[in-house]
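By written order: A, B, C and D. Residues from 1 in each chain.
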Amino acid sequence: MSDAVPVGIERLEHFESADQQREASALGMWAWLLTELLLFAGLFLIALILRILHPAAVTLAATHLKFWIGAANTAILICSSFTMSGAIELSRLGWQRGMVRCMLATAALGTLFLVLKGYEYYCDVVEHMVPFLDQPYALAADPATRLFVDVYFVTTGLHAMHLFTGVSILLVLTRMASRPGFLARHQNRIEIYGLYWHFIDVIWIIVFPVLYVLNR
Amino acid sequence: MTSEDRRLLWHHMRLPTISFAALLGLLAINVTLGATTPFRWAWMIEAGVTLCMVLVVLLVSMEVWRDTPLIRVFSMLGFFWVLIMFSMTLTDYLGR
Amino acid sequence: MSPSDAVMRDPGTPRPTLDRPADYLHEEHTLRSWFFSTDHKRIGLLYLASITAFFVLGAIAAGLVRLALIVPNGQIFTSDTYNRLFTMHGVIMVWFFLIPSIPSTFGNFLLPLMIGAKDVAFPRLNLLSWYIFMTGALFTMITLVIGGVDTGWTFYAPFSTTFSNSYVIPALIGVIVVGFSSILTGLNFVVTVHKMRCPGMTWFRMPIFVWTLYATSLIFLLATPVITIALILLVMERAFGIGIFDPRLGGDPVLFEHLFWFYSHPAVYIMVLPGMGVITELVAAFSAKKVFGYRFVAYASIALASVTFLVWGHHMFVNGQSQLASTVFSLLSFAVAVPSAVKVYNWTATIHKGSIRLDTPMLYAMGYIGLFVLGGLTGLFLATLAIDAHLHDTYFVVAHFHYIMVGGTMLAFLGGLHYWWPKFTGRMYPESWGRVGAALIFIGFNVTFFPQFILGYLGMPRRYHVYPPEFQLLNIMSSAGATILAVGYFFPMTYLIWSLWYGRKAPANPWNAKGLEWTTTSPPPAHNFTITPIVDFEPYDYPNQAPEIV
Amino acid sequence: MTPDDAGGHPLALWPAAASLNAHEVDHLILGFTVVTLLLTVPIFVGITYFALRYRVGRAADRRHGEGRDVRIELLWMLIPFALTLGFFLWGAMIFNTEVNPPADAMQIEAIGRQWMWKFEHPGGQAEINDLHVPARQDIKINMISQDVIHSLYVPALRVQMETLPDRYTQLWFKADRPGVYRLYCSEYCGTDHSKMDGELTVMSPADFAKWLVQAGSTQSLAAVGARLYVAYGCGGCHDAKSGIAPSLAGLYGSAVRLAGGSTVVADDTWLRGKILNPDSDPVAGYRQVMPSFHGVLKEDDLTHIVAYIRSLQEPTQ
């Protein structure tokens, strides 16, 4: 582990200095995360307004969600956020093999999250909790519950899509990062990717209480 | 891994580990409150705990507190705008 | 000799035409060099070509709408065709012409030039933005070809989700996709302005146009995602039955209006702010005088970008919104008018005691100031609760936003196009034809839209195919004005293309204007500046006291 | 008194004003126009005059100050804001009277449906697209939409209000000048959005009384509601003596305690929602056994039953 490789960044020709390039990409990623937050904020606003318009229906629907799978998924993402921090710290130290292992662990945890999510959706289908399929809907008596369940599916679906693209980009990045000399030229990419991954975790940290916990 | 490497690694990983533990602890609070629903206004505590978790990840994992003031502004800007959207929409729904 | 002249080349020397230094236009002529170029100048021209095409399409739809409204009984088209025409006019003009018109064309071309950078922060992302823009446009063209959409550009639920039987989903996808083009352009510009300024170019040495581009980019970032999620939810509800706003389930259609207008009012300022920046440049250049109150105009741009997020409720005064919300939104809508007033008064003060040249760009700028003020203050009428109860969704609203969009942004776009044409193409446009075109557009515009203020106050509702006969006279006047306006648009379109081959060769600084973009050749080399400029002078540092004319 | 035809003279540049509110809105917009001209004419005149006087080549004293002056900037920020703020207040006050109908107003039920209006007078007379109202009397229109969002708009009264598909909204006016005025749908609602207009006929109270008789109607809205109440067997549970379900007497407008502990005012929208989806927001103290009437009752029936419940102020059964 102590055979540290040189760490640095290769300056693109339209930047004046490497620092300018590094700060520019960090600011670019933060601007992108800003838009991701506002994208999900629309859904959180709808969840809040539904809670105001139909309190009983939302509580009924929220209690039918798989609370423990959601809790487990949150814990998984927090672990993946930890391993991602590890990958960043190791990339700064130049310990390439350790960094690659951490990145693979992060990808594995992300995939585990998706597997659990898939299982949760499967349970929903079995319990007839999916109103927009052509099978009978369990809580058909109170149509307002459909609104909250629909918001649940759209929010978790959108988040899962972000996580899926996140894991696939991470795998491609890991393959490139495992090559010699990567850290000498593109260490910055690991940090920028880390920001994106942590933010997917932040979004889920908000989604879990909004859907599963607050309305119980 | 020599002991010197291990010490260097711990020096770097100290903050992520603390924040990791803090996040799991806060999650545990939310989960217990959610599972037992002790009192009607428990959602306020849960919302507060969620806010703490978001701040921990933002400030520590994404190292916003060690970053340039510009990045700090951009990390808080989104949440401030979400606040604007929520509060103005609530003036409609709570005022009806 | 003001300090910036040291940096300027001597504009007078005739350049040898044969061994012209390789500039970005004449460097390469292959298709690959255009469609895969990451040069911000070429991407700017790609946007210019595509938005001109979409403008023509939208203008045709507008012409047909005006044609249909000549007769009160709506015999020229069926009501369905009419509804699809005004919807297409709205969707194309808003998302495929007005929003990209100044930020994506002038912004892409001039931002790096004005702050002394080689290119925008993320050149490849810039090219990707154009391709995403064209993909969104492809979806909208498919919608147009297979039968059009008849929901109005506002896509209100539950009509758009359950009751409309037109092609709503492809139109929604088109707008969702083009939203990402705006987001990525905004992201690129924010990072460029923060990180790519050349040495010495502090925030208060940047031209006002860069300030307005920065403010517009902030709105791009903060507003566009909300319309993206709102339209995604419409697609979910219409295509998959995932009801969110469906009233039959207890959903609230007014909630969609909140999400829609949270984006769409700031989007109005996306269309207006860059126009204000262009007008500040034109007024300063053609008065050869410093912008009066530079800092107030700069702060006003940023103030507009933030206060505009607090006023969206003035679109919903009579939509069942609570009276508390309506009163709060009405009050804040009066506050958002203050920064615009600051800008207009500062332009007037800049023209005062300048040495004015009434060339075509200045004519457009003067037209802009007049029409924009009229548009802005009729906006204040509509922000007054009791007046909006009468004028909401009438032709008064149509006239108001056309005064801002056509009288404002369109004139600023044309003024900027003429002003920077030599820098874009290295050719000068014909001055006399320019003035004729500007005059025709000004007259045609007013004859088209002033009668609509009166129609609005008389109570003619918006989007009406069949209307009471007593409104026919004013409608015919408006349609007549539309033909004059169409002829007026024809002029710049032809002589600008004509000037590409036969126009006079343009020197580096044909207007003796200040600004880094005028310190490099026309058209500029691939990397903008042979040596990165060092800025140690104030913006618009025209000599304070012009020499007394003997 | 021959009411002039609904449309104004082709060259009329100002709409007819048929109510006090209309006159007030006219004064408001004229006042605002005057102040606007006060603020903008200096700009139009200014830029034209400066552009000509300081043209390149014309001799003029072009010495000017520093090009920045905080005092002037504050002046032309605060003065326009203060001047226009007055109109915000004036507009807000008029709007306040517009959106709060007086309690004793005559209530007409209206239903907006894709591409027609249906009005029902308390006495049961129903009209399609057209509406006859007595002059000099407060009229409140309680309206709902059956499909998409429409909007009832009478330019002569300077008022409009949207009809929402899941909620009752109100519009009130007091027309004082008899005549025939146009009413429109002003919120885009589909193919025949522009054909969804009609005529509001304001008549003197005497003429209106004659018209009511001549329009003829068997039963009042409440009576039709009572017939539906019996037809659908609501009495089985809701009669005072049965005790299965809460009595409806005096329910309208009262505060109802819900199972969740919160209370809600039993207004038109809540009653209509409970009839369609009894399971949502169960009421405290009763087991929820009521069947859903979703798809069973038409929009008109719902309006009649709610009108009947409204008429049960004092416990009759």
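Rule of thumb we're sticking to: contacts are C-beta pairs under 8 Å (C-beta built on N, C-alpha and C of every residue); 3 or more make two chains touch, one makes a residue touch a chain.
None of these values were measured; they are calculated from a predicted model.
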Sorting chain pairs by contact number gives first C-D
Distance in whole angstrom between the CA centres of chain B and chain D is 45
Chain A and chain C have mean C-alpha positions lying a whole-number Å distance apart equal to 36
Distance between the centres, which are taken as Cα means, of chain B and chain A, whole angstrom: 14
Multi-partner residues of chain D (each touching 2 or more other chains): 277, 280
What are the residues of chain C that contact at least two other chains? 194, 222, 226, 248, 250-252, 254, 258, 323
Two or more other chains are touched by the chain B residues 70, 77-78, 81, 85, 89, 93-94
Chains touching one another, given as label pairs in label order: A-B, A-C, A-D, B-C, C-D
So, in the complex, the side of chain B touching chain A is made of residues 1-2, 4-5, 8-9, 12-13, 16-17, 19-20, 23-24, 27, 30-31, 33-35, 37, 43, 46-47, 49-50, 53-54, 57-58, 61-62, 67-68, 70-71, 74-75, 77-79, 81-82, 85-86, 89-90, 93-94
Note which residues of chain B are touching chain C in the complex, please. 70, 77-78, 81, 84-85, 88-89, 91-96
Of chain C, residues touching chain A in the complex: 117-119, 121-123, 125, 183, 186-188, 190-191, 194-196, 221-222, 224-226, 228-230, 232-233, 236, 240-244, 246, 248-252, 255, 258-259, 527, 532
Give every residue of chain A touching chain D within the complex, in rising order. 54-57, 59, 141-144
Counting only contacts in the complex, chain D reaches chain A at residues 258-260, 262, 277, 279-282, 292, 294
